[in-house]
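Chains here go by letter, A, B, C, D, E and F, matching the order in which they are written, and residues are numbered from 1 within each.
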């Protein structure tokens, strides 16, 4: 892993919603880890890219999943051409590089990952690498960030109190209308009128959350639709493919969402 | 894996149902991944073969299952004659070749596959290959496509919102009668009258969906029956073996479906 | 694995019940895979032996179970005297030899087996052998057959629609009385009178299916009893050991079944 | 494994209860496998030892359990002093030696054991040893026997119909009083009076089966008590330690069973 | 494993409660295995130490747990400096040394442990060591003992009848008051008055068993408290830390137990 | 592992709440292991650091989790540059160094850890290291400590009576107001007024425990908020990020907790 590949040279586009940039910076200064909460597609990953650029630190992202183990994060010995070589995992690499390690959807990971992040997430700030007999100390540059989506937590996949109470937590949600319109236009070549209609459409679907939809349209889905429209796909077809079909498989809900878009475009 | 084996020289036969070819091409142009939804046997795999031919890209298909891991997709070190050799998995091979990687029934795979497809399925478009310390960037040629059948999703085997909201989604269903008749005749040596009767039979079984049958007869099953008929098997026997017995094990439903075919042939 | 050991030189004894021989031959000609359905002990394995002999192909049978993986079917590298040797599994061996591969009770296998049989079971007819980087194409000689017993399928162990809709399906059941009597006499040295009584006894137990018995006596159990009788065991004792005790552990049902045999012998 | 260690030179003491010796011999002659059913401690293992002596065959016994795999039965490659050596498992050893393989409580084993015993348990009589590419054919000398205890079968641990219908089944139970008394005196140095009282005590506990006790006292437990009595332990104390405490942990039931013994000794 | 380390040179202090020493000796003489039943902390381990000293045999104790396998007990090949060395597990070591093997809380172990103890626990008295192809015969010196606590058995963790009916069973419970007082004074430097009060306190908590407490104070907990008191900790504080907090987490029960001790000290 | 890295040179700041220091010292003197009970963030880890400093012993801490095995604690053979090297796990290292081994949230570990801690936690005080054939005896210096949080124990994750009754138990809770204010000021650069308000705020949230909150604000969370406030973040924003969002995801509870902080700052 070459840390220099993980720096952002250009400012990643991010529009602040509340005061999340200041709080993140204060947590970073005080060497406190950060927890990002919020639904998918509302900008958590982009925010991390922006903060990495702002703090001039490399950003190492790990999408967590059911089979992710502590060894996947810390590293392991690999046999290469009959020589045993230690290969740092992404977390160890981030600690060594004084970078930001972002564990996306951390509750999905296997539970032995907690043994690794706990000593990094309190005032010890160490990473025990038992297989190489090393206790890696994090410098002040290092930052640990994790995300999770409270809307999808089950009893089996919840963040333990002893984990979550180690983090400063930031809540993310969809941006308000003017800001979201601005974001869409920044990402796809559509005019203000079209962007505004897409935002209006998104609000309609978000009102259906809990009444048949698990989620409303995220900002990302609007950007997808805008891109297809800019490529010449009809808005109703683009909204069907990028928003309605992405949100649900229920035929009644699909019909309802498609009617909403038909009323707008 | 030799990518040149995965190109289609001849146009795979495919009849467009709606505007799926145009939407797929727009998504491909905008480097957005695609999700195909729909029941088994309605042409999703054939559509992918057709698009691969149309876009002049190799198509690498992976049938996902309960035990498919990220390593199966990305690759692994193998020991051959006491030398350690890295072997790309199908997904890495597709990224390198600038091909189309089609993960069939992706929800069946183990959850660590998501760690692999998430960074490929958003605007990062990278494949982290941690075991070789490589961050493989996808070119504009590469395309990720996945399929799933909404009719069979359970709580345990559902596509997470954070996954599905990364894809442009296309819905597939059985073609309408004339088109389906045309398809049968293209695939098996039966006359138009026989093909029409098979389509009529299929519609009868599709009306039983939800009233005792999990699925009606798919286009593929009709092609099977047509092939056996063309080989001299009696239509009623062919429908029994290729359609009724393939759809259900319930003796009452079997009798009902067989009566339907007896009334037609 | 030496394919020549898997040919049948002598015709395996099999009595056709319906038109299963013709349908199997038509499916074989059209390169369609075959699914055999039916209870245990009614002749599915013998039918496969007969068809293998008739089509002059080697028959490779795999009894599937909870722990059977794709590697067990495809093959694996084995270390022998510190050399790494690839050993084909039974499925790869059957494809190479152009033989018939019969996966008995396929739903018992682990789910990664589907990734292997799906591309072999549709018009691609290929076996992906990723570990050796080979895409093995099946010749027209190759045939895939699977069996399952609908009576014992649970939610967890059901054949997925996307699997079963790839196969031509044949249903097996116990033969009618005259045929079953003939089979018994062919297999064991008893006279026609004794064989007829055994068939009558079997019918009595089959009527109890669903009223205390999971299954009635299969043809195989009758053959067992006939063999013991031919060896001098009293019919009532043979029926008790070969039929009643094999069918149930319930003391009331055992008493009932034993009374039935006592009334006959 | 040295088969010669598994022969019985002296006749193992066994008292026939019904006609189980004749039925076993007939099954053996007809090369049919045998299933022994019955509660623990009633003589199944001793019966197998007796039959092995009678048939002059080595007896290889395997106690099955949750983690027993097919490889445990068939064999595996072991690395010894950096040489790879194939070591036959007990089942393969029994087939090679033409011995009797007795799988005790077979339903406890993992399911891949069925793939191994099915082809041995029908008229194929072969043991597929895929790892050494060998199809081991059983001679007429070989015999497969399995046991299970119907009283303790759960849904998860039941013998599949497709397995049990391959076996000739023998039911075992406690011997009647005179026989049981004779057995006790043969095994432990007590007089007839004491043996008779122990049998009477056993019958009392067997009447409690289903009314608080899972099982009554088996013959084995009576032998244990008789041995302790012969060593000078008081009968009431011996019955408490060898019978009551072995049967139950419930304090009321313990008191009840101890009162029964107090009334007799 | 060096057996000579496992002999007891000094007599381990043990006070007999009933006739357990005589029964154990008789079982040992008759080569019958022994099962110790009873709650934690009532002296089972100490009894085994005492018997090992009395019989002049080494004592090898294994605390069983969910992940303990047969290989952990029997032994395994280990690779040391690229040489393969067989290392006996504790059970094999005990058999070879003619020692006493004590499997503490045996029901916690994985089920393949039963395959190992069954042939050792009946009149065969052999330990099959399949990996080294050895059938280790136990001499008359060897003794197998297991323990379990009936109070905590669940359906999943119960001793199978086929296992428990192989053992002579001894029941353990807390000693009566005078004896318990004597034990406390032998283990910790407190006077008789203090020891008597601790026993009285223990009885009060034992009366709460089933009314909010899973267990009353064991003898071991009293010894703990006595030791802290002898070190200068106030009795009420010692009882709180050693007894109340060790027994329960429920705040009402804690208050109740603390009030009991406050009333005594 | 180098034990010298695990000594504390400076006194870790700890404010005694009751008499926990004296009880720990008495337990340590009597070689009794210690169990710390209490919620997250109330000072258990800091107490252990303080005691390690006070007793002049190295402190080795292990955060336990679902996948932690006995081998992780005891050690394992690792292959390094084709040489096999034994590497002590943290528990073995602590025993050898005569240090304090602190197993944090021990009930989270896999059950084979109990086999390792049981003989260390009673008067045997030995660590069986079967893989190297060594029975490591703990010196009087060694101390075993474990923690668990009674508030989060489920049936599956409870401390067995046979484990907990081996430990002297200390209960931890939040310090009373004056002490907590003092702690906050010691850890973060806020004035007494601000510290007092934070403590008041914490008490308000602790009153909500059981009425919508799983836990009230721990001392650690107050320190986090104080640090952000000292860095210039507004108190209401700091309390939202460090306390409210860390405690709950429920929007109603978030609003309620935020209102509480708004009323104070």
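What we mean here is this: a residue touches a chain if its C-beta (ideal position, glycine included) is under 8 Å from a C-beta of that chain, and two chains touch if they have at least 3 such contacts.
Note that this is a predicted model, so its numbers are computed, not measured.
Q: Which number of steps is the smallest that gets you from chain A over to chain E via touching chains?
A: Graph distance in the chain contact network comes out at 2.
Q: So which chains are sitting against chain E and chain F at once?
A: The common neighbours do not exist; no chain touches both.
Q: Have a look at where chain A meets chain B and say same if over half of the interface residue numbers show up on both copies, different if under half do.
A: different
Q: Just send me the rotation angle from a CA overlay of chain C on chain F, rounded to the nearest 5 degrees.
A: 180
Q: Using mean CA coordinates as chain centres, what's the chain B-chain C distance in Å?
A: Their C-alpha centroids are separated by 30 Å.
Q: For chain C and chain E, what's the span in angstrom between their mean Cα positions?
A: Centres of chain C and chain E (C-alpha means) sit 52 Å apart.
Q: Touching at least two other chains at once: which residues of chain E meet that condition?
A: 82
Q: Just say which it is for the chain contacts: an open line, a closed ring, a star, complete, or other.
A: If you draw each chain as a dot and join those that touch, you get a single closed ring.
Q: Can you check the complex and tell me which residues of chain F touch chain A?
A: Checking each residue of chain F against chain A gives 1-2, 5, 39-41, 45, 61-68, 72, 78-82, 87, 89-90, 104-105, 108, 149, 152, 214-215, 218, 220-221, 224, 227-228, 231-233, 237-238, 241-242, 245-247, 249, 254.
Q: Applying the document's contact rule, which stretches of chain B touch chain A when the two form their complex?
A: These residues of chain B touch chain A: 19, 22-23, 26-27, 29-30, 32, 35, 37, 69-70, 77, 82-84, 110-115, 118-119, 122, 130-131, 133, 135, 150, 153, 160-162, 164-171.
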